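Down below are the structures I want you to see.
In what follows, chain A forms one complex with chain B and a second complex with chain C.
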Partner chain A sequence: MSTSIDFLLWVRGPGFDIALFIFVVGVLIRLLEVLILGRKADYSEPRGAELGAGLLTLVTRTAPEGGSFKRSPFTVVGGYIWHIGFLISLFLFVPHIELIDSVLGIRWPGIASNLVDAIAAVTIVTLVAMLFSRLTHPVKRFLSGPEDYLTWVVTFLPMLTGYLAYHRMIDPYPLVLGLHILSVELLMVLFPFTKLMHAFTFIIARWYNGAMAGRRGVQS
Partner chain B sequence: MADDLKKLSMTLGESLRQQGVSRRGFLKYCAATASMMALPPTMVPAIAQALEKAKRPSVIWLSFQECTGCTESLTRSHSPSVENLIFDHISLDYHHTLQVASGDAAEAAREAAMHENEGKYIVVVDGSIPLANPGYSAIAGISNLQMLEETVAGAAAVVAVGSCAAFGGLPHANPNPTGAVSVGEIVKDKPVVNVSGCPPIPTVITGVLAHFLTFGSLPELDALGRPMVFFGQSIHDRCYRRPFYDKGLFAETFDDEGARKGWCLFRLGCKGPMTYNACATAKWNQGTSWPVESGHGCLGCSEPDFWDAGGFYNALSIPDSDLTRKTGYVVGAGVALGAAAGALNRSTRAKAAAQHETVTIDDLDKKS
Partner chain C sequence: MSEATLERGMNAFREQMNAPVASFFSSCVNCGMCAEACLFYTETDDPKYTPIHKLEPLRRVWEQEYTLWGRLKSMLGLSKPVTNELLEEWETLIYDGCTLCGRCSMVCPVGNDISYMIRRAREGFVAAGYAPEGIKGASRRAVTIGSPMGVKFPALAAQIKHVEADSGLTIPVDVEGADYMALLSSMEIMNFPEYLEALARIFKQAGVTWTISSEAFEATNSGIQIGSSDIARELVNRVVVAAEKLKVKYVISPECGHAYTAIRWEGPNLIGRPYDFKVVHILELLDELRSTGRLKTEGTEDDRLTFHDPCQIVRKGGVLEPPRNLLKLVATNFVDMNDSREMNWCCGGGGGVSANERAEELRIKAFKRKKTQLDELNVETLVTACANCRLIIEEGLEEYRMEMPVVGLTEMIAEHLVEDEK
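So, the complex of A and B:
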């Protein structure tokens, strides 16, 4: 008998195991490749310290650069809104915290579910607006390739299915919950092989930029 | 004997009056039935009229691979109520658990009921049917499969009572040693109503029978063959602790502050969000309480394969496998593969550096 419960059990069981394996192994391989390869030895005499400047750049690059804000305020503001909304939905929704606790054994307090719901709604609307802007803005459209649209889809689907599941908009519930988990598994599987890796590599890139500038005694 | 015959030909209304049930009590039951089945109040007289005139339908109750919990739920639930009287006034012609001492006489009663009410009787089944070996479960030397097929052949409808009959239940749980299947997997040519639950709520079975008596048809069913009126909404949607879920207030252990304050039991493994049943509204033991009200999460007993749906005390959002151990292995594998890839890249780079030849302008001149 094939039912929505069977589907839910598959995505929660073997499906999640497969996705977790590809995600963790893929991310670790890509990170270790970058770290082990390292950078070329710099034989010049350092004019400043790498550590402080490197750490500082990790933080300062989080704030938008004035020029780009003036040129394309929509991209900057929209980007912040959906990134923050996505992270809140992912890390502060109680059922998600339960999942993280079961995988990593660490937990933190969540926030009210209906607050997450409102934030998720804003995030979904912003993501759609960002896609619309990408499709209509001539420069953004020129710069976008298939991978950009693919990463948009796999980021958008977990938000959409999560919203549908929370509001139980598809019957029966195990089906919509299963679809939500499956969409996250799709995200996990594609994550290491696409530009979604920036969620980890931004730390390395910012560190190298900051540390190099620090060594040369210039502002990063 | 004459009395018995008279009783058999009595309508439900006559029979209830003989039992001392007042007209007022009877109408009250009809009104409760109407509201339970989400029918408009204007239907109450129609229900009363139909039930009044209804002949007692013959019911054959078959028990297969089951624990008798369903029968317990229905027969010993609480002191007699109007529902019980209605239940008494179907003609329960065969129930092998209740008639176990009767031996051949019981089997003869089953066959007699089948012949006399050909095409009109209702078959109620609790328990799953083993297909791996008929010897796993047999009654009076007849295998469960054979008995079901024989009995259902002349039935008007089949009611699968309990999760074992509806979905295979505990016997069907992994690795399913007896090859247990549900009634619906065998009976394809008759209407089958699944009244799932472990056990199901007594009111639900009487509701289904009342619907059959009133309208002569079976109630509207959901995708899993369950009556929509009872299984149309999830436990979570009807849960009185739902506001705490929305506010993010959860009990984390069974004896913490949150548990004492009656907060949401999601973190303690409540399967309410995926479970469709009427517990939150119909409640148990004459409306006294239900699992969540008594401080324990829903197990999801009215859903297929609830035994295999992860630990009862794991939150619904947690994948059902030993993740912490698996994560350890996966991280180990990732680190090993990453280190290998890194080492390969380094050696490629070192090789490239070793093979690098310095070219001067003179060399290029010579070549050209």
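So, the complex of A and C:
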């Protein structure tokens, strides 16, 4: 028991600090690496304004284009379910809000734990289905390399260990809670070095896409 | 062109790196949705035609030289370098299996503008010597002779004479101070001279003062297709010099897709300054003449007909409404395809693919997408506004034994002009 408490104390203390440092500094460096490159002035006469079109694409790209939805329904629906489920589990579970409050001093209302539990279960099943799709869909399988599977693992583990911890399915409890926190730290540490960065850079990408098309008079 | 080497290619790749490109590569999650937007994938079911996959060489340059983590991996020998073999393997993906149509850029959920990156990646390929012979030849002819098809001014002068004799109209050449300077594509000069006659008739009726320059009449730009800014700049500059010499207010881009991209959007950036004149697409000009009452038509086309949106004019050019406004003027039974306007499917021959003989078999396969779109509609006539699309579609229809006239929109309008000879 004492070793599992030591473990929990380490992952909640120094472990978390290390992970948070790597995450924050890493993400900042990655964003800086993108933005510092800039782009050249465009001398062509614009047909439309960049700013509004860029911001609109940032929002509208969240919904799939009709034809694409018909051609990739599983990727779209599965993608929605697990992203939303993951974000709800992360940000609307009361103990998580308490943690964020203790680190950043900001809080917001959560939702009932049993509801988060159900959403987490759906998210876990969807993530497994997404992995299955990646392994079997000809295009996704063709495109996928070690990084795609690694990022799946580090996204899946916090969901799985969180579920196990909530239901106290591993004894002793400090061990499973410690494993859960450790899995999140793994996600944070790998985040800046992998495609997980899309969670931030998609904002820049969508904006540029919309702005460059908007300049030509097309809403992309 | 100086000698092509891997080193020059790498330098060209580096010159193309900017914040948009870095944000796009940072954001890709390999979801594969761009494949479903690409006719080269949908018609072949071969995953190697997934748009983002075509960018692997450029992606490696970005990761290995523009990210801290990538630089560390390279130092530890954990990265796969960009080699001649890699570029050779990817050449067919980036030139034969992409028309720069930009449809993938409209569907990527994280917002990657993939065709923007393909255009930039081609700069590295051509600098390293990996570009198809067909487009290389076209570029060489464009630089040395003045046209990718080898058309010199005497050939155009001969066509002008024919058109003048047939129509009794005058085609102005080198007239200083005209409002508009019209450009043509070689394809129009050689295969569709009706376009020239249509311009003459419409402009006479509308009272537009215009001219053709004997020094710069060619609108197409092989440099844009092969991905060489040096060649593209040289070709754009000829038009700019001629237009500024003749002191015209506007340059008219013809019914040719990539010519519009070249002169309208890339041109000012290639020469590094805004023009002293404005560029209008012929459909924009016709639509303006229509809305100001200077374009008067009579009679209608009653066939069930549809419009093929040329990618570079519509999706990547922003000329969305003019073709439809003009069609409404003369067609009573116009229907849009299921995917139209900015989501239209490419004919399969854009971005230099039509000049690339090696790509013909693949292009014919990819045309099945257009065939499917047309089959769904059951139309009798297809109208378009790009000489290259037109030729590619005619070839495709013939290949699949579909009987359907393919008509240029400008000519269709000209056929319905009210002739008010005074």
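Note that in this section the second predicted complex is superposed on the first by the 218 of 220 C-alpha atoms of A that agree within 3 Å, B and C clash if a C-alpha of one lies under 4 Å from a C-alpha of the other, contacts with A are read in each partner's own complex, and residues count from 1 in each chain.
Here is the rule we go by: a residue touches a chain if its C-beta (ideal position, glycine included) is under 8 Å from a C-beta of that chain, and two chains touch if they have at least 3 such contacts.
All figures in this text were calculated on a predicted structure; none of them were measured in a lab.
In the overlay built on the shared chain, the residue A:Val103 is in contact with chain B alone; chain C does not reach it. When the two complexes are overlaid on their common chain A, residue A:Gly48 makes contact with chain C while staying clear of chain B. Looking at the shared chain after the overlay, A:Ser220 reaches chain C, while chain B stays out of its contact range. Of the two partner chains placed by the overlay, chain B and chain C both lie in contact with A:Ile29. In the superposed pair of complexes, A:Leu37 makes contact with chain B and with chain C alike.
More residues of chain A lie in touch with C than with the remaining chain of the pair chain B and chain C. In the superposition on chain A, the residues of chain A contacted by chain B and by chain C overlap at 29-30, 33, 35-37.
Of all the residues in chain C, the ones that touch chain A in their complex are 17-24, 26-33, 35-37, 41-42, 45, 47-48, 50, 52-53, 66-69, 105-113, 116, 264-269, 272-274, 278-279, 314-320, 339, 342-343.
Those residues of chain A lying in contact with chain B across their complex are 1, 3-6, 8-9, 12-13, 16-17, 20-21, 24-33, 35-37, 94-96, 98-99, 102-105, 110-115, 168, 171-174, 177.
Within the complex, the chain A residues that touch chain C are 29-30, 33-40, 42-45, 47-48, 57-58, 61-62, 64-65, 67-68, 71-72, 75-76, 79, 137-144, 148, 192-193, 195, 197-198, 201-202, 204-210, 212-213, 216-220.
Interface residues of chain B facing chain A in the complex, by the touch rule stated above, are 167-168, 182, 184-185, 222-224, 234, 236-237, 245-248, 250, 266-267, 273-274, 276, 303-305, 308-310, 314-321, 323-324, 326-327, 330-331, 333-335, 337-339, 341-343, 345-346, 349.
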